[in-house]
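Got a structure here, written out as C-alpha cells. Questions coming.
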Amino acid sequence: MELIRRLRTNTLAFVGAIAIVIILLMAIFAPVIMPHDPNEVETADRFLPPGSEGYILGTDLLGRDVLSRIILGSRVSLLVAGVGVGMAVVIGVTFGVIAAFWAGWFEIIIMQIADVLYAVPTLMIALGVVGLFGRSVNAVMFAIGVAYSPLFARVCHSAVVSIRELGFVEASRAMGASRLRILWKDVMPNILPLIMVQVTVSISWAILQEAGLGFLGMSVAPPTPSWGTMLNEGREYFYSAPTMPLFTGLMVLIAVFSFNLFGDGLRDILDPRAWERLR
Amino acid sequence: MIRYALRRLATLIPLVVGLSVVVFLYIHMMPGDPVQAMVGRYASPELVEQVRHELGLDRPLQVQFAEWVTGLARGDLGITLRSRQPITPILIGRIPATLELAGAAFFISVVIGIPSGFVAGLMKDTKLDYIFSVTALAGLSTPTFWSGYLLVLLLSLRWGLLPSSGYIPMTEDLKQNLTYLIMPAFTLGIARAPYIAKMTRTAVVETLQEPFVEFSRAKGLKKQRILLRYVWRHALPSIAVVLGLHIAGLLGGSIIVEELFNWPGTGRLVVGAVLERDYFMVQATVLIYAVIVILINFMAEIVHAWLDPRVRLH
Amino acid sequence: MKRLLLLSAVLALLLPACAPQVVEQPVVQTVVVEQVVKETVEVEVTAEPSAEEKVLNFAFSEPTMGLDPAIAGTSTSKRVIQFMHDSLWEWDEDMNPQPWMAESWDIASDYTSYTFHLRPDLKFSDGSPITAEDVKFSFEYMAESELWEGRLSVIESIETPDAQTVVINMNRSVPEFMLLPSFQVNYFIVSKAAVEAGADFNAAGTPVSGPFVLEEWVPKSHLVLVKNPHWWGVEALGYPKFDKIFHRFNEQGDAGVAAVESGAADIFAPVSAKDVPRLRKSPGVMLYEARRATVRGFGMDKAEPPFSDKRVRQAIGLATKPDEATEVCWFDTGGTLWGGIIYSWQKDWYTDVTPWDRPRDEKLAEAKALLDEAGWKDEDGDGVREAHGVEGVADGTPFDVSVPFESNWPQAECHTLLLQDWMSDIGIAISPDRYDPASYWSDVLDHKFKMWHYGHGTNLWGPAGFNTIFHSDGAYNQYSFQGSVPELDAMIEEMLAETDKEKVKELLHEIEVYIADNQFIIATGSQNALNLVNARVVGYHANSVDSQRALITSDIPGR
C-alpha cells in the first residue's frame, strides 16, 4: 500500500509505529507475558530492589512484581486513552462539522465554547469532571473525551470551512446533492487524514493525562494496576521503593513518545500542506 | 481596531456568564458530602448538621446561586468549607507561589527553548535539526511527575543537594526560597521548553522562506543577521498567540508539579479542593482559571490583530 | 552539690543526642512532673540564658474548626487549643494523672464523686483569678456542646463549697472519669466571665487559662501564640521556656514532616506510617511513638447474610493475619490484636483473650470447616465459594464482597488489599473499593455497606471504651459495630455499675470473650500516635491521647 511505502521512508514514524505495535501486543497478551501475577500479595518479598531474584524491576509495598504490574497497567492506560479519545472524536467531529455546515450564530457559539475548552488546561477540565463524577475510570474517560473534543471540533470545522470556501459544496448543491451526500463524498475524505493524525497525537496526550490523573489519585481502584495509580502509590512509598515510579514513568514516556513519533510522521506523510493552511 | 476588539468582547461576555452558571450548577450536583469530610472521621451526625447549617448549605439552590453571583460582583468568592475563611484572600495569598513557579519555569523554558529552536531553524534538515526534533518530541512526551521524580531521586535522595519539598516565601528568606524553587521550576521549565523551541524553529524556518530573505541574501547579508533583524517583527504575531497558550500550558502543568513538590500554589489548592469536595473552593478556582485563560486568549488575539491587520478582516 | 547536679543534668541532656535513632523517648523523663522539672530549673540557671525571644515552631495544619474547646472537634484545632487552655490534671506518658491546676484530689471509693482542690495561684491570661466557679462553669459549658455532651452526661451535679474546691458528682460509678477525654484534649477550663461576656476564642487576647495566648492568626499562613505571664506554671515550674510559638500552617503530612527535617519547624503530627522507616534514620529529628488503645479493622453488616451467621464471621476472623497488617501497612508502629480488644499493656484491664494466636494452617482448616458448615462451598472449583443452602441466599450466589475504604488513607488501602489476600485463602472474594472520603462515613452510617474498613481514633479505656462501641447507645456504635445485642448491653451495663476493680476486670474478660466468640467486628490492631520532633528538644514525650502538651515542659537548650 501507498501508505506503508511512505511510512517506511520516514524512519521516525516507522520506529514509532513499531513501538506502538509492540505496546499494543504487550497489552493484549499481558496475561501471557507477565512473569508473575500482578495482584499476588507476597508480603515476605516486599520492597525488593530491582535486579532481585525473579523480580527484575523489584516489588512494591505488598510484594507484587513491578514489571508484571507495568505490563498489565498498559491495558488500563491504553483503554482509557482509546475510549476517551474515541469519545472526543465523536463529540468533536459531530459538533465541528455541524457548526461548519450550519453557519451563523450557532457556529460562532460552538466554536467559542470549543476555544475556551481548548484553552483551559486539560487537567483543569479533567479535575472538574472527575470532581463531579467521582474518581473512577469512567470519569477519567469522560474527562478526556470532553477535554479533547475541541481539538477535533476545530480541526473539522476549519477543514469544512475551507472546503466550503473552495466551492465544492456550492457545486454539489447546484447539482442537487443532499447535505448528507456532500458530507460523505466531499467533506469526509478531506477530513479523514487530519482526524487520523489528531487521533494518534491525542492518544499520546491521553495516556499522559490518565497517568497524571492517576498520579493525583483519581483513576482506577486497587488492586488493578494502571500507570497513573502506580505512580501515585510510588510517591506514597517513595523512600522505601524509589525505583518503582521511575520505571513506571519511563514506560509512560516510551508509550507517549511512540505515539507522538508516529503521529508526527503520519502528519508529514499524509498531507503536509493541509497543516500549513490550518495553523 | 476598536470595533474588532468590541466584537470579540461581545462574544465573550455571554460565554463567561454561561460558564459561571455551569460551574455553579455542576458542583451542587456532585455526590458526596463536603461537610462530613471537613469535620473529620469522628464527628457525630448532629455536629455535621450543625456545621452544614452554619455554612448555609441547607438552603434552596436559587438562594445560594444568587448569593454567589452577588458576591462575585463584589469580588467575594465565598468561603472555603475547610476553615470557613474567605476564599479571595486565600487565593490571592497563593498566587505569588504559583506566579513564582510559573515565572521561573517560563524563564527556564525560554532560555532553553529559544536558542535551540533558533539554531535548529537555521540548520534545517541537517543532522542537528533531526536530533533537535527527536529531543523536543521526547521532551514533550516526558511526564512532569517523572522528570520531577528523577530530579528528587538524584538531587535529594542520592546526593542530598537539595530539599525534596518545602517552601518559604521570597520575602522571608530569599536564599532558602530559591533552594526550594530550583527543582520544581526546572521540572516545569524543561517540560514546556520543547513547545517554545518548536515554535521558534517554525518561525525561523518560515521567515527564511520569505522572499525578502532571498533578496537580502542577494544583497550579501548573512543569514543570521537577517534573522536577528527581521525575524522578530515577522514572528511576533504568531508568538503573541502562542504565548497565551504557553501561559495556559504553564498553569496547567504547574498543578502536577506543585503537587509533586508540595509547592503551596493555586494548583494544589484546586486539587485539594477536588479531593476534599470543598464546593466553594472548586467553584471559585475553576471559574478563576477559566476566566484568566479567556482573558489571556482575548488579549493575545487583540495583540495579534494589532500586529497583523489581516486578522481583523475575518 | 551544685556541681554534681550540673554534671548529672548535663549528662542527661547529652544522652538523647547519643541515641538519635532510637524510637523510644529520651532518657530525660519524668514520672512526676514537679520533681525533675525542679532539677532542670537549677541547670537552666547555670546555662547561658538567651537574651532574645525563644520561639517554638509548629508545622501542623491550619485549625479547621476554630479554637473554642467546646466546639472544636478536629485534630488540627485541638493541637493549638491544647496550648491555650489548661486542665485540672496532666497525664504522664503512662497516662497516670498528675497534679496540675488541681494540687490534689479525692475520689470516692465507689467512683461516684470526685473532689478537686485547686492551686491558689491560678490566673487567666488577663490576670483575673481562676476559681472553682470557673471550673464548674467550664464543665457545664462543655456539656452543652454536641462534642462533649455524651462524655459529660455522667455528671450529675457540681458543687463549689469554696473558691478552691470543686466537687463533681456522677450519676453512676465512673472509675475512668479521668481518662474519658481521649483524643488530644482534656477537660479545659475557661473563664466564666469571658464566655458570658461573649468572648471569641478565635480572636487575639481572649482570656485563657493555659500557658499561651493567641496573638495573631493570619488565615492560610500562620498563627502566633505568646507566653501567658499569669500562668501558674511560670512561677511554680519555671516553664514554659518558650516566649512564643510560631505556627506556620502546612497542608499535608509531607510538608509538615519536611519542615521538621529541614529545621524550619520543631514538631509535627500526625506522622504517617509510611514515613517511619525513613524518619527512623533521618538525622536531626526524633520520632516519638505513643501506644494507643484504638482499634482498626473491618465492620460487617450483621443484619443479613452472609455476615448474619456467626460461623462466617468467625471464619473470617480466623483467616486474618493481624501481625501482617501491623508490619506491612503500619510499618510496625502499632499494636496487634489476636481476637481480643484489650491490649496487653493496658494492665488494669488486660486478660489473655487471644483465640487467634495459633498456627495459621490450623486456623485456616477450622475456618474452611466453619464455612462449609454454614453452607458456603466451592463446588464449581473456581476458588470462590457459593451458597448452597444458605437461608436467604439463592443457591449458587458467589461469596463476593465489595469492601470500601477511605481513598485518602493509604494504610486503609493496604489493609483492605491484605484482607483480599487473606480471604482468598478460604475462598471468599473481596473487591477493595476506593471510596470517596467525603461521603464515606455518612454512607457507613446509612448502612450502605456489607463490609467496610474502619479505624477508631479514640482510645478505648476499658469499660468506657466497650460502652462507646458495643453498647446499643454507644456514641461510636454505628461506625464499626453497628449492632444491638441485648445480652451484650446487659453485660456492659453490669460492668459499668460495678465498682470493685477486680470484679470489673472479670466482667471485662467475659465481655471480651463473648465479643471474640461472636466476632462482631474484625479488629486487627491499633495505630500508635507518631510525633516528629526536632532532636534537640529535651523533655518531650508523646502520650496515648496524642497530645503534644509535653512541649510545655520541654526546652531546646541553646536556642
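Lettered A, B and C in written order, each chain numbered from 1.
Following the convention adopted for this analysis, a residue touches a chain if its C-beta (ideal position, glycine included) is under 8 Å from a C-beta of that chain, and two chains touch if they have at least 3 such contacts.
Just so you know, these numbers come straight off a predicted model, no measurement behind them.
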Chain at maximum distance from chain B, centres defined as averaged CA atoms: C
Highest-count interface - the chain pair sharing the most C-beta contacts: A-B
Geometric centre distance via CA averages, chain C-chain B, whole Å: 42
Inter-chain centre distance, chain A versus chain C - centres from mean C-alpha coordinates, in Å: 47
Whole-Å separation of chain centres (CA-atom averages), chain A against chain B: 21
Two or more partner chains touched - positions in chain C: 408, 436
Residue list for chain B, restricted to those that touch at least two other chains: 31-32, 275, 277
Residue list for chain A, restricted to those that touch at least two other chains: 134, 217, 239
Contacting residues of chain C [partner chain B, same complex]: 62-66, 73-75, 146-147, 150, 183, 219-221, 251-252, 254-255, 258-259, 262, 264, 406, 408, 436-442, 445, 455-458, 475-476
Parts of chain B lying in touch with chain A, wherever the complex brings them together: 11-12, 15, 19, 26-27, 29-32, 133-134, 137-138, 140-143, 145-146, 149-150, 152-153, 157, 244-245, 248-249, 251-253, 255-256, 259-260, 270-271, 274-275, 277, 282, 286, 289-290, 293-294, 296-297
Contact set on chain A toward chain B in their complex: 12, 108, 112-113, 115-116, 119-124, 127-128, 130-132, 134, 204, 208, 211-212, 215-218, 231, 234-235, 238-239, 242, 245-246, 249-250, 252-253, 256-257, 260-261, 264
Residue ranges of chain A in contact with chain C within the complex: 41, 43, 46, 61-62, 134-135, 217, 221-223, 236-237, 239-240
Partner chain A, residues of chain C touching it in the complex: 274-275, 277-278, 324, 327-328, 407-408, 410, 413-414, 416-418, 420-421, 432-434, 436
